[in-house]
Each structure stands twice: as structure tokens, then as C-alpha cells.
Amino acid sequence: MEQILSAIIFIPFFTALLASLLRLSYSNLRTLSIVSSIIVFGLVLFLAIQYDPHGGMQFIRTVDWIKNYGISYHLGVDTLSLVLLLLVSLLMPLLYLYMWHEHRKGYWYNMLLLQSGITGAVLSLDLILFYLFWEMMLLPIFIMIGRYGNSNRQYNATKLLLMTMLGSMSMLFSILYLGYTHFEISGIWSYSIESLSLVIFSPFIAIWVASGFLLAFIIKIPLVGFHTWMAPAYGSSPTPAVVILSAIMAKLGVYGIWRFGFTFFEETLTRYTPHIITLALIGLIYYAIIAITQSSLRRMFAYASGSHLSLITLGLFFANIYSWGGSLYFIITHALASAGIFLMIGLIYKRAKTINIDSLGGIASQAPLFALFFTFFALSIAGVPGTGGFVAELLIIIGAFKYNILIGIATASTMLLAMLYTFWMLQRTLFGAVGVATQNFTDLSKKEIIMLLPLAILLLVTGIAPSLFIPFIEPWISITLESINQNIGGL
Amino acid sequence: MIPEQFFILSTLLFSIGLIGIVSRRNIFVVYLSIELMLSAVNLLLVTFSRLDQSMNGSVIALLLIAIIAAEASIFLAMIIQLYRSKRSLDSDKFSELTQKKGQQ
Amino acid sequence: MLENSIFAILSLFLVIGSLGMISFKHTIFSAFSFLIAMLALAGLFALLENSFLFLAQIMVSVGAVVVLGLMVIISLGSIEKNIPHEPYKFYWIFISTLLVTPLALLIYKALISLHAHFEETREGYGELKSMGERLFSEWVLPFEAVSVLLLSAMVGAIVIARKEKYFKKENYFDNHNQQEDNK
Amino acid sequence: MSQRVKVVPRYGDTNKEKLYLPAIFKGMKITFKHLLDNVSDSNAVDTLEYPEEQPSDITSRYRGLHRLTHREDETIACVACFMCATACPSKCIFIEATEREDGQDEKMPKLFAIDTLECIFCGFCVEACPCDAIRMDTGIFSLTGNSREDFVLGKEQLLSYRGAFGEETSCARK
Amino acid sequence: MFAIIDQLYIILPMTIVLIGAFTLMILSQYKIFKLQQFNLVAVLFLTIALAIVLMQFGQIQKGYLFADIIGEIFIVDDFALLFDIMSITGVILTLLINTDYFQSRSYFNGEYFALLLFSLFGMILLAHAHELVTAFIGLEIASLSIYALVGYHKNNHVSSEAMMKYLVLGSMTGAFFILGTALIYGAVGSTTLTDIAIYLNEPSTSEAELVIIGATLIMITILFKIGAVPFHAWVIDVYEGSPFPITMFMASTFKIAIFAIALRLYLLDFLSLYTKWHFVLQTITILTLVGGSWLAITQTSIKRMLAGSSIVHGGYMLIAITSIGTGSQIAVPAIMFYLIAYFLSAVGAFGILSYISASGIKQLTYEDFKGFSERRPYLAIFMSIFMLSLAGFPSTIGFLGKFYIFTAGVESEQFLLVGLGIITAFISIYYYFKVIAMMYFYPNNEDQKPIRRTFSSALIVLMAILIIWGGIGTSLIPFIPSADALIDIAKDAINSIG
Amino acid sequence: MSTPAIIVVIISFALGAILALLMIPVLVWLERRGAGLIQDRLGPNRTNVGGFRLGGVVQSFADVIKLVLKEEYYPKHISKGRWLMMLAPVITFVSALLAFMVIPFADNITIAGESLRVQPLPVDYGILWFLAIGSIGVIGIFFGGWISHNKYSLLGASRAGSMMIGYELPLGLSVLSFVLTYNSIDFNTMVQWQSQTLFGFLPAWGMIVQPLAGTILIISLFAETNRAPFSVAEGESEIVAGFFTEFTAMKFAMFFMGEYVAMNTASAVIITMLFGGYQLPWVTTDTLLTNFNTFAWTLMVVLPIIVTLIIRWMRKNNRVRPTVTSDGGRAFETKVLSIAMITMTLIVEGILLYLTLIPSPLGSSIAVTLFQIATFVVKLMIFNLFFILVRWTLPRFRYDQVQHLGWYYLLPLSLFNIFVTAIVIVGVSL
């Protein structure tokens, strides 16, 4: 039981290692990967059942790693990490399903490693360990984009790498400073979150240290101004990579702010709040407008995803129970929806060899089932009532109105804009005349339906019955908020 | 005869050696300049030894003479080798080791 | 008085020799100036009552270093056209003098801060015996190390200066590689 | 002839010979013996006290200084055929021909000069001469002079030498 | 202090190395021996020496060899022994990893190995020297051998040229070292580090101009040898011009040996001079980091890039050296650890390059790595590991090295340097990942060559495993030291100095 | 410094200068006449001053005068650095001359209780001085060869240089084994050591104690002096005249004389290190001083006999053939020389008689010193003659043979010899 977290992290990794040592053929590798991912999913489900929503950090596992510097192998899980963990482990088998005919073995290895990296980053409670996994998950993405991506992939991959590494390096600096300050105060080296959260800075230094962290996460999200890597990378990624990027990795930025920012720098973040809210608001609207102008489906949804992540960030910084609940809820629903939509875009590409909106058209007549799913996912991205997105967005908007009425209005505009680009896109792709590219557009196969159905069902459930999930989320949020408010008297 | 004179002299020698290395392109002169620098140090050591009245400085100087000889052997071998390859003693002619243009 | 005049002459030779060394165009004249400088230096050692060093300096610096250097110059047959053409030599020398002067002044300033002066030498100072006693007691390790240094320098020099013939029958492909390397 | 091949023994293979020192000392013994003999009695040395003593063993085959021979009537025997000048390896014979007026022959040298500083005394000119006009039988083995010009012998000077071993006149068939 | 037999035991490794050098030197006269045999002999000697040093490590208390005769010239402590271990290991690895390379180039012969061993002897002497002249002689032995080794490929103009550059500049700075020694001798009247430390700690000699200038001159030499930026002009050209094994040797082992004396000097003698140097050292560190990065980023040949980046790595170590003076306790173990880390990574990277170019042809450029992952998937993985380690990517030993260095920098509040270090680390990501990108992002255009499974490849694997182990090794698995153990060793070694 | 010390220094310096400089014409004469006599001819014997030929020595003086008066000539192609052309022979000459200046001509003379060296430069590191200064000589050859801008000269110079470098090592190493044996680097101490006897009867001369090192030393010195059979640097049959092809007049003479000075120095070093120097075998300085009377009487007996023999030889040989009418004043010369010799003998006899009858320590020590100087000169001449004899006996080595001999035989042998010597010395001292 106490090894369960390690198992979740390392099963994919060792699967990859084993497979590479045994030099398996791709079909065996596929089987092995799927089995491992299903095992992991099972473990995570088991974990979720065992998890106590009121219990704070659980399943903690601590082993000394580098004693001299107090670095330890320190894992634990709480609601925030569990949510992301669930998403990852759910998405992975689906992605493997998508990759069924993928015979390039490196693809599979990278996916396995990616899963390890992401779960590790989500679960680690030691900063250095977190940094390790944070970087480790970058590498497979880098290689997947650079090796298996589309046009201009090398450049885009390098751009992604460099931008995110820039953030990582600044984070490293802050981590080092945090660790050293802890040492200076207490005389003991430690990098675990609990002990570091006790460190208190002078405001001036705290701004710098917090900036280090924030830069890393903001680039990862990405907020406007730090987003130049986003569209090219989304554009040239292969489908599984883009799913992971938008559904999971972007959320990890939010996770980082939530986990570290609100643990170490509650007070400092109050200074940042206006700025970040401004940035996020700009992003919210800017991304949405840009999305309208895009001609490539993937780029469009990349910007849409950026817009929604800005919304999540907004929710985070409004810092009341509605907005936080909304943010966390939106993490789940957006992950599901964007995974779905990007997978479908991948399917479109497989069929039509293009994702240009203008050259598509009339899919609805050719493949009605496909059109149905596509419409559903697109609408849930837009946050149409009945999908999970709507609930989440509503919660955030309520939070925004509680924060400031003007900001609330601005925030609410996102729904309109999202509707706008989604419907326009749908109109152009699904209806209209059948283009050259969509002439032989086949409908969804069984495998694809199996792949998409869980996402669709979950989205429906989250949209129709949020009360199933809110109790799961709510305790953690209220506890955390309470502790923050205790510390600084409210944001 | 006061120590300062010797100090001036060895400083001067060392500087001249340095100037020679910096300003000349003839490899052989560069080599001689390095020898001169080491010899200047030798003079300084012997002066210190004489001031100290202990033989330590002289012994170091003796060891240094041997080191000078060792360096000389390597240097001369190098000069022969360089001359063989380029038929010149001009150090500027040995400039193949640069970033090659258009290799990108 | 005698000492002072000897010193004056020797230092004059030393400075002229070293200056000549860096300013002559022809390698051999540089070598000649160097020879003069080394002889004068040996003389200064004698003036500092280090008779053994005086001889060692002549033996090694002159008898070995300069001779070998001249040997190299002569066996290379340094013809006029192989001597580098240095039109801006004195210009460079002037500039580098400007660069080096601060360093020299710094070192000299530090040196005169010693405020030292010569005293009568002790019995046995500078003689071979006292030198040998020091060399083989306290300095025996560096001494032995120097012998290794000479050996390694010798091996290195032989390796560098030896002409190499690569064309061996048994590895033709090798040879191919080398030619590629040379490009 | 082919049977009379003499096999020369090879030396220098034994260790003793490879040491060289015995051989060297053997050689030095010989030279030292010569030295000692000659020092103890310098008169036994077989040399000439040259200016005072003159060589007595110059034979008719000795190639001395050149001369131009005469005919019986004391006129020059040379017909300026340039054979000698052509044969001369050091190109030291200079001839300028002219017409012969006395009717004995058609041609004679107007100028005949030998640069003895160039001459190597090979005797090719003598061999080449078709009318025995040039010979090297003067027996003169030393020629002295104060300037370079003194060593360029003209026609008159060459004619003035007499043979030291008889055969005064040209033996050429007429 | 020691019994005579103990003393002989202590110098046994050194003697074995020397005897090995002699043996190889004599054997090299006989053409009947093959290159593998020379290699084997050299490795054999070194392995014995290494075994003895490993036995000695941690078992011998600090002391001076033959102190009754030669005074405090030859020190024996764990610090020196650790450097012995690293140097000897470095040479062994240089020999073994490059076996393929040696065999495919006919200009290598027996003297090559002899010179390598001579150089090693010099390095060991350097590590043990407790006196400036001895240190200088050790440095010269090591350097002179390396000068010859750099120019070993005589039919190659480039090799000769590299030797010229290195030799001229190296001897010039050698003159600086001995001038510094002479000045210190003039002031102190002795050149043993003990006496210098005593002299400097006297309150009356707070303004010892001569010693300051002398020590500065010595510092210049050290900075030159590690390729710090105002003195870096030689590094790239020399690294490029040398045969691969030598580049590897210089980049890894020789650099380490230089740090042996540098650390000893900085920790013992010149610590009190730090206030005077601090600014200069900081400036040089900044220049080194920036300049090195610039040099590395502009190269197209991998060898030149690694050379340029080795300057940057020197810069990281300089950060820690700068930190020593400002009272950082962890800086010195950090340097030691970083040395080990860099050593492993550089050996691995150069090893792979030499392994590739053994059968290959010319300078390896980035272009040549296109599609490498398809040609040689395993080698590509290892190359990536080495590149990641050099770039300081987490989970490799290189990351921990940088982590310690930066921690030391933060501890001494050198935020500028640490910030710059992190920025250069970020820049280094670019040029190291470029290799990875080239290997993985481009399709294979060349023929698949048969894979040679040799000793070299086995060692490359070993290096990769060590790098990963050094980065993440934990104490979970019994009997195998964790990553932590390395820094413990480094700390022990440092403690043995003081 | 006391007055006698200064006087002794001046006298020995003068003696050194005379022995080195005046020996040049004598050696030239010796070489020419020796060569002549070895080859069964007479050699130069005509030049005379008022009938005095002195066996032809005058010829050498005449040659010197001719060379001095000759026009200084520089080849046209040498435009720069003519001063180097002047300097090169001087370096060679002076270095050979200076190297000679540390040879002890006699044992330390004790005047007024002060032991004084009879050595032009009274230093105690003679052999090092010889090695140091002797090695400079080749630099002159280098400069001379280079400045000639002539391929033969360059070849000669490089040959000379490589040969010198090659033979300096066996020379130094064999000297080292002698230093080990004698336990000193002082020539005088070496000579004193050699005045011992081995096994009671054998004089402990270096050549007998260390035959191998002695041989190597002699061979190396031959090479160092550029004498035949090691005269590849001049090699007139191959490279015209080697490094002094372009040298004329006094510049040439300096090279020429330098060679003879070097030869003289080499002989002096050989006899000092290998053949007991100024000592006669079995007779040490102390023996001579304590048994001065016996020594004087023996000398008084031996001297007239020798002089008689010389005069008889002169009478016999200094004449012309009966075929020649004028004897060019030979009879007169013989007569004058005989008288001079007899007079000098008488003077010496008288002085010796005076010293035996009225003993004075100063006088006897001076006499012994003079005797030792005479012994030294005689030995010197013998060895010079040896040099000449070797030259006219042995053919010249080829250049590669020279190098081969030096590097492959002499160097290992001398190393081996040092090894053995060291072992033996340690063994003996244990």
C-alpha cells in the first residue's frame, strides 16, 4: 500500500525500459503499454476510492535521497493531485487506443516516459524531486514533437523546449534560494514542501523568488505574452502529444501555482494578483479573438485552450471558494473536452489529410456519428449548458463577480466568444458543401467510439450532475482557502 | 651592487620576453622569448637566494634550468615539425583551426 | 667598484642582448642576441657568487639550448623567404610595451618593497658542495621529478620530431582515413 | 680470362674485427714506424731538394709543355686545320687561319695560342694533329709567369721550343 | 610520521605509474608488439595502481612523506588520493574507451601510452605537491607530455597547429607560475605551503604585496589551464586539433588535476588573500560563463562545441571557487562533486564521439548526427544521456553537480553569478539539445553500418549508467552507494586538507 | 690576495697563454712535418730567418704573418651580418682558449705557507668549466656556417653541430664516471688522486683505472675537436671545406688556430684526467720535495745525456744531400743551437747544484714545479703527436657512421660504465 504511488509513477517507466531491453516488436509493445496503462488506471482508481477528501495529504512516502542537502524522495497525494492523476491515467489508455496502428516504437516509449514524468511531477512533494519530474516530462514531449510532428517541427520543438526551460531555470533558482533560506533559518537542509512552507521572506526578496516560480508556470499555461511557443507547438505536434499538452501539461502550470505559489507565497501572490488577472483577462479575450481568425483547426483549438486556461488561472487568482471550485472543475472538464476535440482533429487529419477549416466541409453528411461527437466536444469546449464546461465556467464567473463586477463581466464574455468561434467552426466544417478533402470521409470505427465514449460520457455526467463531483473537490478547497485566509487574512 | 638593480634587471627581462611573445610572429623568436622569461625568473631566484644566504633559491634556479632545457626540447621539436608541414616559421600561417565558413 | 662596473657591463649586455633578440628580423641574429644575454646572465650568477649556477647556466642555456636552437635553424635552412615578413614589428613592440609596462611596474614595486640589501656571503655559499647538500636532502623529490620531466620531454620531442611513414600495407583503409583527416 | 676470378676474402665479421681498435692500432703502428724511421734519419727520405736538385727521370713519353713543330725548312708545320682545337676538351687552343703565301701549303695559322692555365695536358691535340704539327715533348714541367697573360703562349713562343728528345721536325708525310 | 615501509607503500601507485611509463617507453622500440598489447600493458599497470590507491583511500592519516629528509613537500591525504583516483581512472577510461580509435589510426604507437602515463605521473605529483616548485614540476610533466600528445598526428597540419598554440601559450603561463613562485619565495623565504600559510597568517604581514602578486600570477596559470575566459584563446582550437583521446583526456582528466592544486592553494594559503581577489574572480567568472557560452553556441563541429562548453563548465567551478572566499562551507565539496560529474559526462561524450569517428572520417558536425537515432538507437540514447548530463538536466549527475555549485553560490550570496550560471545553463540547453534534436528529429540518410560491439561500447554503457546512478542513485538498494555517497567522499577528502 | 699569490696567478696565466697560443705554430709545424715524415717526405723546411729554420717552425710563423696581412675578403652574396662573420671564428677560438685555462700545469705550490694553484684560472671546478666553455665553441661554427649562405657551409655547420651534440653526451657521461672515481671535479685533485699506485706497482692513471671511460673520453674529445677521423664538418672531399669555405685571411686563421687550440686543450684534458697530468708515474710531489737531492742529482745526470742525444741527432739530420752545393746555413744553425743548448743545460745544472748544496724550501718547490711543468709540456706534446698520428692514419668516418658510433655505442657504453662505476664505488665505500 505504501508503495502504490511509486508504482503508479514507475510502472510506465519500467515498462518502457523492459520493452527497450527486450527489443519487443511494436505490437507486443502496444499490448504491454496498454496493459501497463490499464494497471496504472486501476491503481489510481483504487487510490481514489481509498482517498479521503477531508484528509489532506495522504499516502505519504518519504525516503532519504541526498541526505547532505535534505533532499528526499517524498510523495503524497491530495485532491488536486488526484484529479490530475485520474485525468492522466484515464487519458493514457485512450491515447494508446488512438495510436493503435502506430508502428514507430519510439512513439510508444515516449508516451510511457511521459506518463511517468507527469505522474511524478504531480505526486512529488519535494521540490527537487518535483523539478526532476518537471523536466523529465518535457523531454518526451520535445522528442515527440520534433520527431513525429508535422511541418517545421524541429524549430517548434526547440522553441517549446527553450521557452519552458527558461521557466524551469528560473524556478530552479527560486528553489535553490528557498532551500538555502530554510537552511539559514533552521540550520537544516530540506526541500520538502511542508518544511519550506514555513520559510518567511522579506517582501522584496519574496517577489523575486515567487517570480521564479511563476515564470515557469505561466509559460507552461501559457498566459498571454509567454505564449509564443504555444500555437506552433500545438500546430506541429502529433495528436497524442497535443492532447497531453493541452489536457494535462498546461494544467500542470495551474497545478504548480496552486501547489507551490499558494503554499509558499500566499502574501506575495496578493501583490501579483492584479497583474496576473489583467494578463489572464487579456489572454482570455485575445486568445478567443485569435482563435476566430485561425484557419487550422488545431491552432484554433490551441488558442481556445489557451483562452480557457487563462480562465482557469483567473479562477485561481480570484481565490474564493466558487472560483477555485470552478477552476478545479474546469481542469477536469476542459481536460476531457480538449482531449476529445484534439483526438477528433487527429481523426479528421487521418481521414482528410488536412485540418484546414476552409478545405473541410460537409462532414455531417458524410459521417453523421463523427459529426455528432465532434459537435459534442466542440460545444463542451465552448461551455454549452449540459456539458461540464458550463458548470465550471459558471462557477468561475460567479467567483469573478464576487471579486469585482467589471472583471466579472469581462470574464463572462468568454462564453460568448467561445460560442462564436465554435459555432462558426462547426458550421464551416460539418455543414456546407462537401470538399475535395472530405469526399471519402468515413465514419467512426468501433475502436474510435470506444476511445471517445468515456470522454463523452464523463463530460455529460459532469455537466448534468456536478453534485457527484463537487463533494469530492469541495473539502480540499475549503481547507486550503481557510489556511490561506488564516495566514494572510484573505486575498 | 644593490638588490634593486637585480630586481630591475629581472623585471625588465621578463617584460622583454613577454613583449617578444606578444609582438613577434616568428615562432623561433617566440620560443626564445619564453626562455628569456624563465631565465628572468632564474635571475630573480638567485638574487633572492643571495639575499637569503640560503641555497634554496639557487637550487630552485638549478631545477628551473633543467625545466628550461626540457621545454626547449619540446619547442625545438615542434618548430621542426611545423617547419616541415608549412615550410615557414610564421605563426600567422598556422591558422587552419578556425570555424570553417559555410559548414553549417 | 669592480663589482659595480662588472655588473654594469653585464647588465648592459643582458639588456642589449634581450632587446636585440626581440627586434632582429633574422632568426639567427635573434639567437645570437639570446646567446649574449644568456652569457651575461651566467656572468651575473657568478657575480652573485653562485659559481655552480654560473657553469650550469652556460652548460645548459648556452651549451644545450642555444646550440640546439641554432642546430634547428641551420638544419631548417631558414631562407629569407621563409622568415616571416613583419612590417609592423616595431609598432607591435611599442604597443605591447605599453601593455606590459604596468605589469612590470607592479612587480617591480612589489619587489622593492622588500628593502633588502646584500650581505657578506656565508662560508660555502654558492659552492657545489652546499648546493649538492641542499639538492639531495630537501630538494631530492623535485630533483627526481625533474629527471622524469626531462625524460618525458625527451620522449615527447622524439615523437614530435620523428618523421612518420604511414604507408603500411596491412592497413590500407587506415591510410584512407588519414587522408580524409588531413583535409 | 674468366677462370681467373680471384675471391677476395671479406673482413670485418669477427668480433675482434668489429671492435676496430686492434686494426686502428696496427695502422698507427705502421705510421709511427715510418715517422720514427724518418725522424731518426731524415736523409733516408727519398725526396728531391728540388730547386737545387732537378728531376732526372723525365722520359720521352712525359707530357710536358706543348710546342709547334717545324718543317725541314723551319717553317711552321701547322696547316690550321682546327683538329686540335676541336679535340681539345678544355677549349684552350685558339687558332686563326690565313692563306699561306709560300706555296708549301694552302693554309697556315695567323694566330695560334694555347692558354696553359686552361690546359689540362691531356695530349688529345697531339693525337688529333694530322700533320704532327703539335707535340708535347719539350720536357718542360714548370711554367712560371708574373701575370695571366704570360701563360697564354703565342705562335712564336710555341715555335721557339725545341724537342728534348730528338725528332726535331714534323714527321708528317709530305 | 610513517615507517619507511609505509612510505614506500604510499608512493607505490606513483612508482607503478612511472614504471609503467618506462616499460612502455622501452617496449615501444620493438615493432613486434601490437597496439592492443601496449594498451593492455598500460591498463594493467594503471589498474594495479588504482587498486592500491583505492585501498589507501580513507585508510591513511594525513602526513608528509619522508618528512625527516625532504620536509613538508609531499603530502599524503585523502584529498590527494581522491584526485589520484580520478586521474588514474581518467587515464584508464581514456585508454579503454578509445581502443577502437587507436586501432583505426596508425599514427599511434607505444610512445603514446608512455607519454600518457608520464602525464599521469605529473598529475599525481601535482595532487600530492605541498610545495610550489614541486607543483610546478608536476604541472610541467603533465603539460609537456600533453603538448606532445596534442601534436601526435604529425601528418595533420591541424594537429601541429594545435600543439603550437597550446605550447606557446602554455609555456608562457608556466613562466607566470614560476615567477609567482619566485616572488613568494622572495617574500616568505620558502615555497612550502605550510610556511606560506604561516607567513600569511602573521598579523604583521597583512600587506604582503609580493605574495599577493605572486599568488595572482599563479592564479593566472591555473585559470589558463582550465580555460577561463581572458585566457581561453587556446581551448577550442587545441581541443579540435588534438586526436580524440587527447581531447577527452584534456577535457576531463587534466582539468581535474589542475583543480587539485588550485583547491589546495585556495583552501590553505591564499584564503586570506580573497578580499583582494574577489572582484577579479567574479569578473573572470562572469566573462568565462558568458564567453564560453558564446563560443559554444557558435560552433558547428561537435568537438568544438564540447570544447567551448568545457569553458562554461570551468566557469561553473569558478562560481564555487569564488564562493570559497566568501565563506561558503559547501563550495569545495561542490567543486569536487562537479569535477566527478563533469568527468563522467565528458568522458562519456568524448568517448562516444571517438567511438563514432573511429570508423569515421572527418570532423563530426551537427549535420553528421542527423538520423543517428535510427542508425544507432542505443548509442543515440547514451549520447542523449551524456548531453543531458552536461546540460544539467535532472536525473543525471550533471544536474546534481550544478545543483551543488549553485547552492554554494546562493549560500555565499553571489546571486549575480548564480543567476548568470543558470542563464548559461539555459543557453547550454540549446547547444546540447541541438545534438539530441539532430539525432532524433531527422530521418536517416546514411547507410546502416554494422554495429561493432567492443570494449569501448561497453564502457560507454557503463559511463551512462554511472551518470544516471550518480543523478538518482538512492540508498534503497543495499550495498551500492547512493548519489549521496559521492558528496560524502568529497567532504571527507576536503576535511582531510584542513 | 698576497703578493706571491698574485705573482703565481700572473705567471701561470702567462704560462697558459703561452702554452695555448705559442703552441699553435708549433702544432701546425708538427702536423705538417709529422705528416711529411709519416708519408716518407720531409715537409716544409725551407723558410728561415737568417739561416735559422728550427726544423721548419719558422714556416708556421710566416704563414701566420701571411694570413694576418692578407686582404679581408667577404663574398659578395653576404650583405648583412658581416660582423657575425668576424665574430664566428673568434667565438670558436676564444672558447677553446678559455677551456684550456683551467688545466693545472703543476701541483699546488706552497709559498710562505700558502698553497697556490698553478692554474691560469685558479678555480676548483675545472672539469665543469671545460665542459661548459668547451660547448660554446660549436656556436662559432654554427654562425660561420650559416652566415656563409652557402650550402656546403650549412652542411658543414650542421654536421659539426649534430656531431658535437652527439658526442657531448658520452663525453659528459664518461667525465661523470671519472668524477665518481676521483670524487672531485677539480683537475688538480684528479691528478693527485692519480699519483697513487694500484696494487703497489701500477700507476693509478685514469686510463688504467677506467679503460672504457678513458677510451670513450678520448674518442669523444676527438670528435669535439673536429679532428680526423671525425672531421666530417670540413670534409674537403665532399663539402669543399665545410663551415669555413667562405672564410679568408684572419677569419680563416682564427678557425684554423682554434682547431689547434682545441686539440691542445683536448690533449691537456686527456693527460690531466687519464695520464697523471703533470706527474711522473710513481713519483708524487711529496716524494720529489722530500727527496729533493736525489731528484736533483738524477736530473743532473739525465739532462746532459738527453741534450747530447739531441745534439747528435741534430748534427746527423740537419744537413743537405751531397748533390746540393749550398747548405743554406744549416751547419751554422746546428752550431748555434748546440751551443745554446749546452749553455742552458749548464745553467740548469748550476741551479740544481746550488739547490742541492744550499737547500731552500722555496727554491726546491719552484724547481719541482718547473719540473712538473716540463713534464706536463712533454706529455702534452706526446699527446698532440698522438692526435696527429691518428689523423694521418685513419680515414675519415662517413657522417652516418659518426652518428652511429656516438649514439649507438659510446652513449650506452658510457651509461653502462657509470652504472658499474657507481656500483663499485658504493661497494668499496661499504
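A, B, C, D, E and F label the chains in the order they appear, each numbered from 1.
To be clear about the criterion, a contact is a pair of C-beta atoms (placed from the backbone, for glycine too) under 8 Å apart; a residue touches a chain by one contact, two chains touch by 3 or more.
Everything numeric here is computed off the predicted structure, so don't read it as measured data.
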Contact distance in steps, from subunit C to subunit E: 1
Labels of chains that are neighbours to subunit D and to subunit E: none
Chain pair, B-E or B-C, that carries the greater number of C-beta contacts: B-C
Farthest-lying chain, centroid of Cα atoms versus that of subunit A: D
Whole-Å separation of chain centres (CA-atom averages), subunit A against subunit E: 43
Approximate Å spacing (C-alpha centroids) for the pair subunit A, subunit B: 64
Distance from subunit D to subunit A - Cα centre to Cα centre, in angstrom: 117
Where subunit E and subunit F are represented by their mean Cα positions, the distance between them in whole Å: 58
Multi-chain contact residues (two or more partners), subunit B: 14, 17-18, 31, 44, 51, 54, 56, 60, 63, 67, 70-71, 74, 77-78, 81, 91
Multi-chain contact residues (two or more partners), subunit D: none
Shared-contact residues (touching 2 or more other chains) in subunit E: 133, 137, 140, 144, 147-148, 151, 154, 157, 163, 179, 183, 186
Arrangement of touching chains [line / ring / star / complete / other]: other
Pairs of chains satisfying the touch condition: A-E, B-C, B-E, C-E, C-F, D-F
Contacting residues of subunit E [partner subunit C, same complex]: 18, 21, 25, 65-66, 69-71, 73-74, 104-107, 111-112, 114-115, 118-119, 121-122, 125, 131, 133-134, 137-138, 140-141, 144-145, 147-149, 151-157, 163, 179, 183, 186-187, 209-210, 212-213, 361-362
Contacting residues of subunit B [partner subunit C, same complex]: 1-9, 11-20, 22-26, 28-29, 31-33, 35-36, 39, 42-44, 46-47, 49-51, 53-56, 58-63, 65-74, 76-81, 83-84, 87-93
Subunit E to subunit A touching residues, read off their complex: 373, 388, 393-395, 399-400, 403-404, 406-407, 410-411, 418-419, 422-423, 425-426, 429-430, 433-434, 436-437, 440-442, 472, 474-476, 482-484, 487-488, 491
Parts of subunit F lying in touch with subunit C, wherever the complex brings them together: 80-81, 84, 123, 125, 128-129, 131-133, 135-136, 138-139, 142-143, 145-147, 154, 157-158, 161-162, 164-165, 168, 185
Residues of subunit C defined as touching subunit B within the complex: 3-4, 7, 11, 14-15, 18-19, 21-22, 24, 27, 30-31, 34, 37-38, 41, 44-45, 47-50, 52-53, 56-57, 60-61, 64-65, 68-69, 72-73, 75-76, 78, 82-86, 89, 92-93, 95-97, 99-101, 103-104, 107-108, 111-112, 114, 116-119, 121-122, 125-126, 130-131, 133-135, 138-139, 142-143, 146, 149-150, 152-154, 156-161, 163
